[in-house]
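Following this line, the structures themselves.
In the two assemblies presented below, subunit A is common to both, partnered first by subunit B and then by subunit C.
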Partner chain A sequence: MKVTTLDALRSWLDTVVGEYDVVAPRDVDGHVLYRPVATSGEIVFSYERPELSVKDYLLPATEVLLRVEKRGGEVTVEENLADRGQVIFGVRPCDAHGPATIDALFLEQEPPDTYYSHHRARTVLIGMACPQLWEGCFCTSVGGAPDDATHLDVLLRRVDGGFAVDTVTEKGAKLIAGLCVEERDGAPDAPTTEGEAVPVMPPDAWRPLFGDNIWMRHGERCLSCRICTYVCPTCRCFDVADRVVEQGAGITRIERIRVWDACTSTNYRRAAGGHNSRPTKPVRLRNRSFCKFRYYPEDYGPLGCVGCGRCIVSCPVDIDITEVLQDVAERSGR
Partner chain B sequence: MSSAEANPMRPYLGRLAGIEDIAAGIKLFQVEMTGPEGQAAFSEYKPGQFAFVSAFGAGEAPFGITSTPRRGSLVEFAIAALGHVTNTLHSLEVGDPVGVRGPLGNWFPMEEIKGRDIVILGGGIGGAPLRPVVHTILDNRVDYGHVTILWAARSPDLLVFTEEFDDWRATPDLDVHVTVDRGEEGWTGNVGLITQLLEQVNPSTENTVAITCGPPIMIHFAFLTLGKLGFNPEQSLTTLEARMHCGIGKCGRCNMGEKFVCTDGPVFWQSDIVGFLEGLL
Partner chain C sequence: MLVNEALAQQVRDQARELLEGGRVDCVIGYETGPRGGARPAFIYDAADVTRLIWNQACVHNLVTYLHDKKKPPRRGEQPPRVAVVAKPCDSRAVNVLLAEGQIERERVFVIGVTCEGLEDEEGAALPRCLRCADRVPVVYDVLLGEPPEVSPVEDGYGDLAGVEEMGASERLAFWLREFDRCIRCYACRQVCPGCYCTTCMFERDDGLWIDIGIEVSQKHLFHLGRALHLAGRCVECDECERVCPMDIPLSLLNRRLTREMEELYGHRAGREEVLTPLLFELGEEGSPI
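Coming up: the complex of A and B.
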């Protein structure tokens, strides 16, 4: 295996920050979050699961799509696309699985999304394997693993005195060309993946359960707070709106923005005129669950869940997607 | 940096060439596409397709296109003032710039239904996406059989395209029946639901296609009544409306189970809809 030391990794990262926008795990008031960093000194190298996924850097929570200028009756429209490359360092395997899931819709279904494609193309993902499953994690039940390199460009795994370096893609190899590594015998320890697997029923098994009382049982106590979709690496619903940023002297500057949205919110389906076709919390929870385990795989291929467990630890009323999955499995008689 | 492919979220620029009050709180907007790309995109579109109209500064919203390219290059939308975008559109004047993103979605199978009798059921502003169906029939009259149009609204002042009724009625082998849920002073026409009118008119089902658009509750009962009259789900069409933010299957808003109004529709046969896990009602 190829091994690099923490010091070598740090000095390499300090050369990368000059050339790329670098995002890495940082301690923000006691919360580990993927955040932009200016030096390697800001990066946390020992952490569990960052509280939010990397979704924000590929499908930003708020993104300016267009800059519109109105000058009298004349309008000009400009697209807003970032110029620099982006490196996301310390990505947990599940957080690389997230964008791979979104790719199936935003890249592979026609027409591709201009902005997401652009962010994907300019981004390199340097992963950091998990030594174990954290609280709520179930990646191994949905096709992932704590040391899965599949959707990453480079994977680092902790070993004595440093990190084992696996180069996964050409893009990754190019980026880490300047990283100091030495050849060493042996292999990194396999992660511990104790705990019972969560049963995930195939999309077919879900259809008969559309009218089941599972949704009432789990959804009744939902607060419609939407934290589950906010923390989710694969939830991709969005809203689009205009905001006026400057007005005066015959010139109006407008930004057309895209913001994350959530099918679990009260007014998600409220149409002009007031009709709401998903008026209750159970039917909204049902849609979110069906989207992840039936609609998304049916329509685009991958499951809409990477098993990161963030929705479980974030839910203020303890709605647990693994309990929903258990119920679905039991009701399906499998 | 610019994108290699056309950005589907970027609207074409247009200018309001005409604005007309056509019913209470409903205006007809005629858009002249100002750039060559927009003109090319809207040189051909089909009855039932939709587009997003931008009121820059307020946002954009999807609307069924209510014109046909055969009748002119202006792209028309009938819009009720109901929310932020639509109220802002209503405040605009002739000459003001707008954006248009489209044409999007599928369309009524006007080729496939040639030679058949057609029953059209339009409820309120649901008449907007049906007007291009009517115009297509009128402009190709010999291609279609007997046509029955049932046109309805909650009240007389909400009936759309009434000034075209004379033109429609002057067409051979075409009947127009109008009803309102509630009459008002001076109203001498039918009072009652469109489904009651449908039962009275009782159109033959033989070699007939029914096309309906209106609020979800009307479509629901129109299908029930059509069924009662002997129409099967394979001969009834509708176009659905849903809140949406992209029109290209990404934003997630308009799903009905694993189907999307924007990319699988908005036009559906009733026989398709009955198999969907979730409806819009």
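Coming up: the complex of A and C.
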């Protein structure tokens, strides 16, 4: 195996920040979050699962798509596309499965999403394997693993005195060409993956359960907040709005922005005239679950859940998607 | 963790009696969640009352769910009659909602429970419990449990000292740093019994007062606006702070206004069934407007 030391990794990262936008796990007032960093000193190398996924850097919570300027009779429209490359460091394996899931809709369907594909193309994902499953994690039940290299460009795994380096893609190889590594015997320890497998029923098993009381039982205590959708690496609903940012003296500047939306929120389905076709918490929770395990896989291929467990640990009223999955399995009697 | 099994049994018995006697359609209480903590439970069938628990992890303010029960489940039917398990702090929210005409007294059965104080997941007493002067619900249809023997505390607003010592610019910097972490999930608003406007003025989807973009200026406006709308209405249940995934110390904002309301008007939300002095009714005779 190829091994690098923490010091070598740090000095290499300090060269990368000059050339790329670098995002890495950072301790933000006690919360480990993927955040932009200016030096390797800001990065935490020992962490569990960052509380939010890397989604924000590929499909930002708020992104300016277009800048429109009207000067007298003249209108100019400018597309906002970042020109630097982006490196996301310390990506947990499930967080690489997240964008791969979104790709099935945003890249592989026609027409591809301009802004998302731009971020995807400019981004290199450097993974950091998990030594174990953290609270709520069930990646191993949905096609992932704590040390899964799929969908990453480089995978790092902790070994004595440093990190084992696995190059996964061409893009990754190019990026880490300057990283100091040495050849060593042995292999990294396998992660511990104890815990019961969560049963995941195929999409067609869900159909008869649309009217089941599972949704009332779990959904009635839901708060209709947006935590579960915002922390989720695969939830990708968005909204688009125009806003005036400057107006006066013959000049108007407008931005077209895209922001995250959440199907769990009260007014997600509100239409003109006030009609809401998903008026209650249980039907909204049902939609989120069906989206992940029936609609998305049926329509685009991958499951809409990578098993990161974030929604489970962050729901304030203990709505647990693995409990829903257990109930679905039980009800469908397979 | 203190598990008051006798009190839990009383809650179950009460729930059974109410459901079997047809007095209510649903009992909102607590059950054990998949990872051992407590979580809200909705019981419709007397056979399910065994799910109900009572212990020091029962932190949620269940009064907030009464808003979901204001409408009939199907058109043409009556709204359900609901019983709700209410701790002393939660019961103050019942008074707020009654005063504001949000719930009908005869449709809600309040199962009041006395409270010895709650604990967080690590077993530490909750800050609001350390300063709690209530201990017995302020409104109930039945009172379960003995009033605990705890020496009455004077709320000195010690929690506010840190921010109040800061100068204005330092304080602004403190709050902007906190708000910067906010992901605008609106959980704080959604959980709050006092936040029930059909369209929140600070809802990003509405766009009249607030921008849909998640810039810190927008979050700043949301938080200050929400706190102001709760002045004299916040019952200090600290649910907003508990549910916040980013640990934003919202109680410091709310309690600043609680203190202001107490000093200016001698008003503490929900202790009695009265409106906040900052709200008034439009009327004819005798009304300020």
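The definition used in the following text is that the second predicted complex is superposed on the first by the 331 of 334 C-alpha atoms of A that agree within 3 Å, B and C clash if a C-alpha of one lies under 4 Å from a C-alpha of the other, contacts with A are read in each partner's own complex, and residues count from 1 in each chain.
Note that contacts are C-beta pairs under 8 Å (C-beta built on N, C-alpha and C of every residue); 3 or more make two chains touch, one makes a residue touch a chain.
Because the structure is predicted, anything quoted here is derived from the model rather than measured.
Q: Based on the shared subunit A superposition, would you classify subunit B and subunit C as clashing or fitting together?
A: Pair status: fit.
Q: Now for A:Cys180: first (subunit B), second (subunit C), both, or neither, which partner does it touch?
A: neither
Q: For A:Arg226, using the defined touch cut-off, is the partner it touches subunit B, subunit C, both, or neither? Pick first, second, both or neither.
A: second
Q: With both complexes superposed on chain A, which partner does A:His118 reach: first (subunit B), second (subunit C), both or neither?
A: first
Q: With both complexes superposed on chain A, which partner does A:Leu6 reach: first (subunit B), second (subunit C), both or neither?
A: Neither subunit B nor subunit C is touched by A:Leu6.
Q: Once the structures are superposed on A, label A:Val28 by its partner contacts, choosing first (subunit B), second (subunit C), both or neither.
A: So A:Val28 only meets subunit C here.
Q: So, does A:Gly73 touch the first partner subunit B, the second partner subunit C, both, or neither?
A: Touch partner of A:Gly73: subunit B, not subunit C.
Q: Residues of subunit A touched: more by subunit B or subunit C?
A: After superposing on chain A, more of subunit A is contacted by B.
Q: Name the contact category of A:Asp239: first (subunit B only), second (subunit C only), both, or neither.
A: both
Q: Between subunit B (first) and subunit C (second), which, if any, makes contact with A:Pro316: first, second, both or neither?
A: second
Q: Could you state the shortest Cα distance, in Å, between subunit B and subunit C after the structures are superposed?
A: 9
Q: Do subunit B and subunit C touch any of the same residues on subunit A, and if so, which?
A: Residues common to the subunit A contacts of subunit C and of subunit B are 239, 241, listed in rising order.
Q: For the complex, which residues does subunit A have touching subunit C?
A: 28-31, 51-52, 61-62, 135, 220-221, 223-227, 230-231, 239, 241, 243, 257, 259, 262, 265, 267, 280-281, 314, 316-318, 320, 322-323
Q: Mind pulling up the subunit C residues that touch subunit A in the complex?
A: Of all residues in subunit C, those touching subunit A are 33-35, 37, 39-42, 60, 64-65, 68, 177-178, 181, 183-187, 190-191, 199, 203-205, 207, 211-215, 242-243, 245-247.
Q: Within their complex, state which residues of subunit A touch subunit B.
A: Per the touch definition, subunit A meets subunit B at residues 65-66, 68, 70, 73-75, 77, 79, 81-83, 105-106, 109, 111-115, 117-118, 207, 210, 236-242, 244, 252, 254, 256, 258, 261, 263, 268-273, 275, 277, 287, 290-291, 294-295, 298-299.
Q: Using the touch rule from the top, collect the residues of subunit B that touch subunit A in their complex.
A: By the definition above, subunit B touches subunit A via 1-3, 5-11, 13, 15, 54, 56-61, 80, 82-83, 86, 95-97, 99, 215-216, 241-243, 245-246, 248-253, 255, 257-258, 277-281.
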